[in-house]
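The block underneath contains the structure these notes are about, expressed in structure tokens.
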């Protein structure tokens, strides 16, 4: 076997031992029973808010073929609980802690980021796919202007690396990514869940208490992969890919499209050790393909003039 | 068995014997070998353009779990070929012929619609998910303004029922639907395919000759169902649902969400008789649920205050 | 509210990361996902199936009231996506086996129903906190219905080992749908069967039965699962007579290990309503804190 | 360019709509999707499998050069979504059987490989236009490689019935990967095997073989499939000697029945480049119109 593969990546100055981390809302202390937390690229917490929130009415999830629709909402016990009860769980590990935050106003985002710029927190991930009460409840990340505004205020409020997590539900994700970059984001996470719905045919009622919810899992991978590809061409800051990643092959596909790192969400619900399996298999992939640094994959998709239809495609040796 | 179920629906004045029809680009004469064309609600042709077009480079499709990404493009032999060679195939049948059209400018759409407002054509479906060369190649249906403009010009050009087919790739489909309605559309079709991508891990090249393509099939159903639900609330004209429908259950789910009719695309590639099976099963569904008119399903989703978590959910009799 | 983790001395192999984990840190998994092998699989009656699996040491060490998340095979034409939670019905650390008793209901359990001897099933567990038996308790009462008949069954053996006598009030729609009766009896429990068909399963009659047991000094604690109506009866009696109790709750789950917050229920903790994750804070809760 | 449909006298049952269709119109399906039953399934060599299916009368009436779209079972961990086109390898209208010969390649064929006797496979067909045999032809030459070895095989029986003699030039990487040899021989064909391993499969050697056959008056027409290099050799010779020919083309397919335009190839029709659907206008085309 050839030399070791260097799996480390750098996301806007923050060095990760490998490019694999959990997606917000699909990770908590419980996974410590399943995997060694010192193997992850980073920790990413469930989104927290300043106010205490109960989350959405039940049912909160419904499954579809190859996918999950969730409307958990953001149950949150607030900042003091997070600092006193949640953070200590992650303190023993040598893995950067990324805190996902949300707020109903740009100012709220900024003050929350400021309050959380404390030792033990390695980066802030701003989940701006949440409703912006100053814009009729439309999510910040739906438009470039509101994204630029909230990112600018966040940037002024914290010196921590700032990741901005975008929504896939807008018509122009790359433009929104550019706005985040212009306002000082260190990275963009592409993307959150895709707004969806399911109706129960027995009761004729929506399957989710919240009526609509966010689609995740393998079904959304081709869509989000396209958005990562578009964003990576649009911005110079790192793009973190997130959507339907279950295997190292999925992670490689995202990195080739331009992702500098990946987040794994729903896959963990099916295979709790999905992240460590992906890390192992990513190393194997690189070794087999004689890629010595995983960063060589980033943006490595080969775009050529399309081949003409060729009978030779069918039997390469003939 | 109880009385017959009335499956007929009316789409902006056009009466269909049932609400099931093919999606543009997934239907042609070949299906005549598989099903009785007199059983369909309508025929919908592959999109045609005025100019002759070759379509996209190969490969034109790639499969993903539960989905297909296609970048066929719009190979087109032009209007005379359509009128002289294609239309006669459908003439023997007592089923309305809906012609899908596309053009690079609003004026081009209008003149094509005018030219096709001839006997034998029952309605025009304007596929406005195509690039608008007057707006930097952004699809008409990405924005309300361009949708309103193209629809208005189409409306002035033809007296035929006018269906406008929207793209799911914009952040505000209901707003675009409203624009189509305001400009005189008789119905909106929601929706076309979702822009996606796939990369081949052997060659590191995009799987499609066109690099990106449109996602269709069961994987997209929850997303498009949500858009149909939102559009049906936003407009008074009929919404025709299209996205991932493979079974009568899927069709019912769409109708409950607000669709007045449905289009079946990718499912036909897997089960060539999918449409007639759906029609049969839809009738059976209505009979079992004692629904005498299929139109009673339209918008029938029951929205209530969410139930509290209840142990009784787990064992209804206890 | 959170459960502290105990890694000490539990030898386990995590899915996927075995080698790497073992070679660089002393960390060990206590919850594993593994491909267990079907040892036997039988219909208990028209609704319930009894599934016995060969598994690793972690799974076989599961305790009464804990549960597993099963990755069900796809039955024809259906694609259950999520794992399905299933209570431990029996565990044998020596023979490295776990058992489940399930009712064929929807896509997931229809998928389970296709399993044949020798097939593999991906199981993840053990999960959650189970029942607690106070060594001081001489007599406990178990009240079960529905999936509760499976969930409470492993208590029979544990109680016997603890020197505690069980009276099991087992409820079902019809006598032929009662399961676990022999299991309880084989461990020396008294079984009182009540059914809808015999009009004996109503809350009033069950209350009569329970009051008699309390009066006879045969109820130091309640253990229940599967019926909110019967749970309310026990809460009333527990309050009236100052008895402790434990209830195993069900809720739809996605992750099963505390990550997703889809399985929350409200609990009444000293008058305050708190939301808890059934998979992580339970599935066994204090009877008096449970809300129906 | 389009093929006219012939409904006359073909009795067929469409999937799903059987009753309704039959009861209200005289329409009959000529292409059906049906659940065929695996009658036998054997490895021919390390790469190829021979699959025999019991089917309905429409499928069993398939002609040489036509194909089916198979809905492949999902192999472990893979989900082939589209049907897979597979040439007819044999059809027996009396025994109601169709046969396929396939190479295990990717997700779909790995799925086929899991089929056991008695399993059901959803097949759709017969599709496309097949080969045409001119009654005047006394001797034809078949040149096959890869999947072409399967596609051209049913010509053996059809040619014999037509009183036409075949010389089959069969090409493969190694002698053990040659398939269909016995089938051709059993129908009286002469077989010339060429392989990469024996360095006999190159275009120059095949050209030598073909020139000799032409010189000997043993080539009234070419039939080929599976190699663009060998197709070009035949095009050159056909032009030089004024011989007709037919080629079966492959192309990735989605629908298989002319709906989607994903299977197009360019053809040279009297100097003009036209695009045709392999599934609908073919898969058999005029040798001289095919572009490599």
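To keep things simple, chains are lettered A, B, C and D as they appear, and every chain counts its residues starting from 1.
In this section, contacts are C-beta pairs under 8 Å (C-beta built on N, C-alpha and C of every residue); 3 or more make two chains touch, one makes a residue touch a chain.
Keep in mind the model is a prediction, meaning the values are calculated, not measured.
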Shortest walk length in steps over touching chains, chain A through to chain C: 1
Most distant chain from chain B, judged by the mean position of its C-alpha atoms: C
Between chain B and chain C, centroid-to-centroid distance (C-alpha), Å: 47
Geometric centre distance via CA averages, chain B-chain A, whole Å: 32
Chain B-chain D separation of Cα centroids, rounded to whole Å: 35
Residue list for chain B, restricted to those that touch at least two other chains: 58, 64-67, 308-309
Where chain D touches two or more other chains at once, by residue number: 251, 264
Chain B residues within the chain A interface of the complex: 56-58, 64-67, 69, 142-143, 169-172, 194-199, 201, 203-206, 209-212, 215, 218-223, 225-226, 229, 249, 252-253, 256-257, 300-304, 306-309
Contacting residues of chain B [partner chain D, same complex]: 25-36, 38-39, 46, 54-55, 58-61, 63-68, 70, 72, 75, 85, 217, 268-274, 276-277, 279-280
Complex contacts: residues of chain D adjacent to chain B: 2, 5, 14-17, 19-21, 24-25, 27, 29-33, 71, 79-83, 124, 251-252, 254-262, 264, 275, 280
